Amino acid sequence: MIITDTLITSFLKTRSDTEEICAPLEIEDYVVQPVVDVSPPKWHLGHTTWFFEEFILSKYDTSYKRFHPEYAYVFNSYYESVGKRVIRTNRGNLSRPTVSSVYEYRDYVTSRLQTFLEGNIDEKIRELVQIGIHHEKQHQELLLTDIKFILGNNPLFPKYNETFTETPASNSKVNYIPIPEGIYEIGYKGRDFCYDNELGVHKVFLEEYEICNVLVSNREYLKFINDNGYQNSLLWHAEAWDWISQNNIKTPLYWHEIDGQFYQYTLQGLKELNLDAPVTHLSYYEAFAFSQWKGQRLPTEFEWEVAQQYFEWGDRWEWTESAYAPYPNYTKAPGALGEYNGKFMVNQKVLRGGSVATPQNHTRPTYRNFFHPHLRWQFTGLRLVKDK
Amino acid sequence: MIITDTLITSFLKTRSDTEEICAPLEIEDYVVQPVVDVSPPKWHLGHTTWFFEEFILSKYDTSYKRFHPEYAYVFNSYYESVGKRVIRTNRGNLSRPTVSSVYEYRDYVTSRLQTFLEGNIDEKIRELVQIGIHHEKQHQELLLTDIKFILGNNPLFPKYNETFTETPASNSKVNYIPIPEGIYEIGYKGRDFCYDNELGVHKVFLEEYEICNVLVSNREYLKFINDNGYQNSLLWHAEAWDWISQNNIKTPLYWHEIDGQFYQYTLQGLKELNLDAPVTHLSYYEAFAFSQWKGQRLPTEFEWEVAQQYFEWGDRWEWTESAYAPYPNYTKAPGALGEYNGKFMVNQKVLRGGSVATPQNHTRPTYRNFFHPHLRWQFTGLRLVKDK
Amino acid sequence: MIITDTLITSFLKTRSDTEEICAPLEIEDYVVQPVVDVSPPKWHLGHTTWFFEEFILSKYDTSYKRFHPEYAYVFNSYYESVGKRVIRTNRGNLSRPTVSSVYEYRDYVTSRLQTFLEGNIDEKIRELVQIGIHHEKQHQELLLTDIKFILGNNPLFPKYNETFTETPASNSKVNYIPIPEGIYEIGYKGRDFCYDNELGVHKVFLEEYEICNVLVSNREYLKFINDNGYQNSLLWHAEAWDWISQNNIKTPLYWHEIDGQFYQYTLQGLKELNLDAPVTHLSYYEAFAFSQWKGQRLPTEFEWEVAQQYFEWGDRWEWTESAYAPYPNYTKAPGALGEYNGKFMVNQKVLRGGSVATPQNHTRPTYRNFFHPHLRWQFTGLRLVKDK
Amino acid sequence: MIITDTLITSFLKTRSDTEEICAPLEIEDYVVQPVVDVSPPKWHLGHTTWFFEEFILSKYDTSYKRFHPEYAYVFNSYYESVGKRVIRTNRGNLSRPTVSSVYEYRDYVTSRLQTFLEGNIDEKIRELVQIGIHHEKQHQELLLTDIKFILGNNPLFPKYNETFTETPASNSKVNYIPIPEGIYEIGYKGRDFCYDNELGVHKVFLEEYEICNVLVSNREYLKFINDNGYQNSLLWHAEAWDWISQNNIKTPLYWHEIDGQFYQYTLQGLKELNLDAPVTHLSYYEAFAFSQWKGQRLPTEFEWEVAQQYFEWGDRWEWTESAYAPYPNYTKAPGALGEYNGKFMVNQKVLRGGSVATPQNHTRPTYRNFFHPHLRWQFTGLRLVKDK
């Protein structure tokens, strides 16, 4: 049972948080899409708004009039069952609607939904609003990573702001935590919000293993580079080897070697590489190759979930060895919302944890993030596991 | 001998004309690049500025300090010999420099060049300035056609403004002008500015022909469409047939069939197709296929140049049958400016005339415009020729 | 401990079986490569030979002289660590070596290896030979499926032969076998040959489920087609939907609709679709979509391995929901042979069972076959599972 | 008026000449298509046969029965108006019909056409047969160049035969022949066979020029290479520069640098580069860049035609500066045969002369060969022109 007042507060907070993220941007930054995976910030602003309009207001608020007849076409992301849409590669070609129109659209929907929620609504609608809030929180993280990509690939290396610290301080010593073999329960058991892909609590049997209490650091990763890790085909998957060869990849994303010194682009601009920070912005392929070089491996998502109470996490999304697949008894929601998670359950890897870009309270031990194995623009990292 | 005062006036006028063209734009419109041939308006603003900085100020004004060390990289277009550059497909991925920074860059260079010109400069520099002015005028036309493409491919079909009339009135009756066989002189013989590709006055022998006094109208072109012109492979070049098949092309660019009526996007927004207007925004391939269907042909660029004093022209660039090639005795300028024209003399077709988007005094009877045969975003049209 | 006499017999039998498969071919059939996944038959003949030459004769038989200095380059498949190779897409561009030269190469290596094995060799070499035999058996199946593709995509639809029966008779009634929840052991425990990817016996916990005793039939699959299964986006993964849209896929591979009747190409030529036969040559994507339409699902590879003793299998490779990943404690062989399995453990799905094209004794309950989810040219099928 | 007896003799000679060219091939060599421009030899054998079947026998011999109902589909090249066809990139994927079936098809059509011609036929059919003969002669040259490509790109570098001499001896001293300005007649004026693209005799005015009596040699071309001609962007067209960069082109086709010495693949196998031989297998782009480096230029096709009586030619096809375009008054044949030449008149360059691979009597001073500017697998060369 969701309490309406709390819901409205949470809704309004989420809406303003999103806008807060965009506050440092120039109008031009809202528009571009340098690669297909990175959407223009104004698209995120519109899309999260459309979600409330499409799935709640236009369906349940009989007095609702759409802000603009074409916006559903412009801001639908991938919901095949609710009509045609601008194809993903075209988002960066649209100069209109303008940023200011998109903010008007936001205000209109925020205000209309607030009014609607203050009326007499039933639990089903409260649940949809909650999904919409969490959907928008996911896009808050994407906003930050997409902004980083847009600015970090610009030859002028503009800063996002002066205050966003990508690497919180950490003093932990390296240590491997032993986990005994046994049957463990996996999946979300709480009563708060979670995504459908975390449901279906079920048992798994795990063999004995040891998991590292800290993430791999830049210092460690540099050893791998200096030991010609990127040149040794035996460490890599076949598809990974093709990928690094075709894209001439020799370091994680955002690294720049200038006069023999490595720098990395951060939201605070270009900085000397911090050797003590966790290695970041690497693909699953690189995480796997590094683990091979160390003679260790990545955890499965189950091993991670079981062990996570014994170590700190939340600064980087941690690649796991697990392919993204449905849990036993997984059932997707009927209709368009069923497209939210299930249809991506092939060819992607699960990441666990959270990152410095994840909104507060938006992750949990059972949260399953997922990306294709070659993608690097999220705040990704890696944690090692040893078999006994 | 170029008079300095006139030159400065012309320079300042050209600079402000360019900015005038952009006045109706939103900031977002300056940024996007929906296809590779269409550059972001802010790139045009910066590139025309860089041209003066690179080829004049940084070379001849010893006191000149570049506005920004990276702008040469950002705003070089295709001059291989003056250093690396953002590849053309990436121009729309750059949110920075901002539009306002680009205007500052313009003001800086305009003002610095004005000061420099007011000093004691020699003829060579005056000539370079003149080239820069004409270069910028070319980009004025590209700005208009690129803006049309950016707005015309947006699902919201925004207007550029209310006043830009694409089709001046015309009352001419269709008539074929006979031109006798003979030796004619081709190429620029005047004393004012022209491009190097117009030089090398030379004689050509032309057989007798008849050329139409008006351009083909939308009304005529619709007959071709309704007679299944786009479905009859015998009318088309082999490469054209592949092109229309792969791109599903059935009308000129910017045509939209809505409820059985054709509309066309214009700079004043979406309008009903004007049947009396010249057919516009078609490729050489379509112009050629139409001429085949009529049992006639396109003029060569020489036939056009010889006949042009007998008819009105200047509303549409007219596709000719001539491939773009050097005139006898063509010599390109030494160094980077030699890259201006000569290196495009393969695989392109010559267009003659001018268009509603051409700046005043920027075309002449000997002017040779050129584009690849499949391109349609310029204000192109076609004129027919009959052999005797 | 492998007995040498048995090994030699097995080796010679395998070599002649491979050649038996090619007996019905015309020389031209040995040469072509219609798509990247399908290799020319002569390449399979050479590659399986090169495997024995590269990993055994050239390393351990000091008197061995390579048959031809360039053949290692021509016939290496994907072993990055043993030198450069003809890239995979180029295999069908090589008219030389001729088929008859490849058979000479086979005879040379077969005879030299036989002689070598009759000498005093140690267990390590016997193991390598055994791997080579199993490697060649894998290619026997690929030979049959590649030949089917080569002939089945030819507009003349030539037969392979008259006798190869793709669908053995079966009379089983449909029945769902219940499997109780519990801990089960997975992986190969025997003492005979198996691949490294089957090793690492380990426990898994399975929830209760019911698995069908028979494969889905063409009759059932036609219902899915007729119910517009290929047009309903909600049944498909996002990548699957793109795949069927881009490739215009509306049936399994080798189906042809002629005058309202479905036919399928078989190794005996084009035949009317046998409604009682298992649906074959479908991708994981299609298998998954069908299961969604039925409200059921595919088994995991563990569920399949546990249940397989209760049903018949071996006519079709059965898609599972499991991504191909290493078992706990998986360790790959050192050096080039370590490239055999491990480097493919990403982005592929496990298939279990075997097919009418699998050589005798070449599969077993723990055997893990794997292919990308869109591939269809193997003899693939699907089996359904219901959750309780 | 064509004499039937001569025609039959010529027809039979042409048919057997084609087969003679293929005599040194292995069956496998007939099948492959390493790049889209190179067709499998068996396709040439079938296609030249289909031409006689499609345009003569099936239309005018009422008793004629097609050899096989599917062969029209398999062997049509690009005639859009006579039905569907195997797309060009797929020719190398067809193992059937076998080489021996294709020869049976040839024998059948040759014999049926001979019989038909011995009957009472009218002039129109004799003309079609003559076109078919010349069509087949064109394919004889393509057969040789395609065979060279197939063998020359094989890592084993097999020889075609021992006797085919690519470079006839020549002792000419370098000399520039002056041609005075004037009006010249262009086009075929004889009474024998020529292609439609040579017709339309017309006058052109030429400025004064000097043309070299010999082709550029390998020795000269090596100086260009050693002077970093391939690294100097100012010498190249923009599209050429992209082409050499993307394809990493640093020499003409078939050149191999081994231990500091250049070799070239010839139909007699790999040979040391003959410095006195004309540079061969270069693209228009390379020919143009070389001429720029020399401070000279390529002739137009008109300059070549006018000057050709003053020098020897026929060993290499000579790139001209002329784009392939229709002559004044060009009219293409009605129906499918109209597709023969006209539809290629865009984006291609004219080559004049002939080559060591050209069948006897198959070229003449007015013959217009044409290829895209980047293609190199024909026996191409270049001749320089100086302006006065």
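Per-chain numbering from 1; labels A, B, C and D assigned in written order.
One rule holds in what follows: a residue touches a chain if its C-beta (ideal position, glycine included) is under 8 Å from a C-beta of that chain, and two chains touch if they have at least 3 such contacts.
All values reported here derive from a predicted model rather than from experimental measurement.
Chains in contact with chain A and with chain B: which ones?
none
Could you please state the distance in Å, as a whole number, between where the Cα atoms of chain A are centred and where those of chain C are centred?
Centre-to-centre distance between chain A and chain C: 36 Å.
Take the average of all CA coordinates in chain A, do the same for chain D, and state the distance between these two points in whole angstrom.
57
Using Cα averages as centroids, what's the distance between chain C and chain D in whole Å?
Here chain C and chain D have centroids separated by 45 Å.
Which residues belonging to chain A are in contact with no fewer than two other chains?
Residues of chain A never touch two or more of the other chains.
Could you tell me which shape the graph of touching chains takes: line, ring, star, complete or other?
ring
Can you name every pair of chains that touch?
Chain-chain contacts present: A-B, A-C, B-D, C-D.
Tell me, which parts of chain B touch chain D in their complex?
Its residues touching chain D are 78, 80-81, 183, 202-205, 207, 209, 233-234, 236-241, 284-285, 288, 297, 321-323, 325-326, 328-329, 335, 338-339, 343-347, 349, 373, 387.
Can you check the complex and tell me which residues of chain D touch chain C?
Those residues of chain D that touch chain C are 26-34, 42, 70, 73-74, 86, 90, 92-99, 150-151, 153-156, 158.
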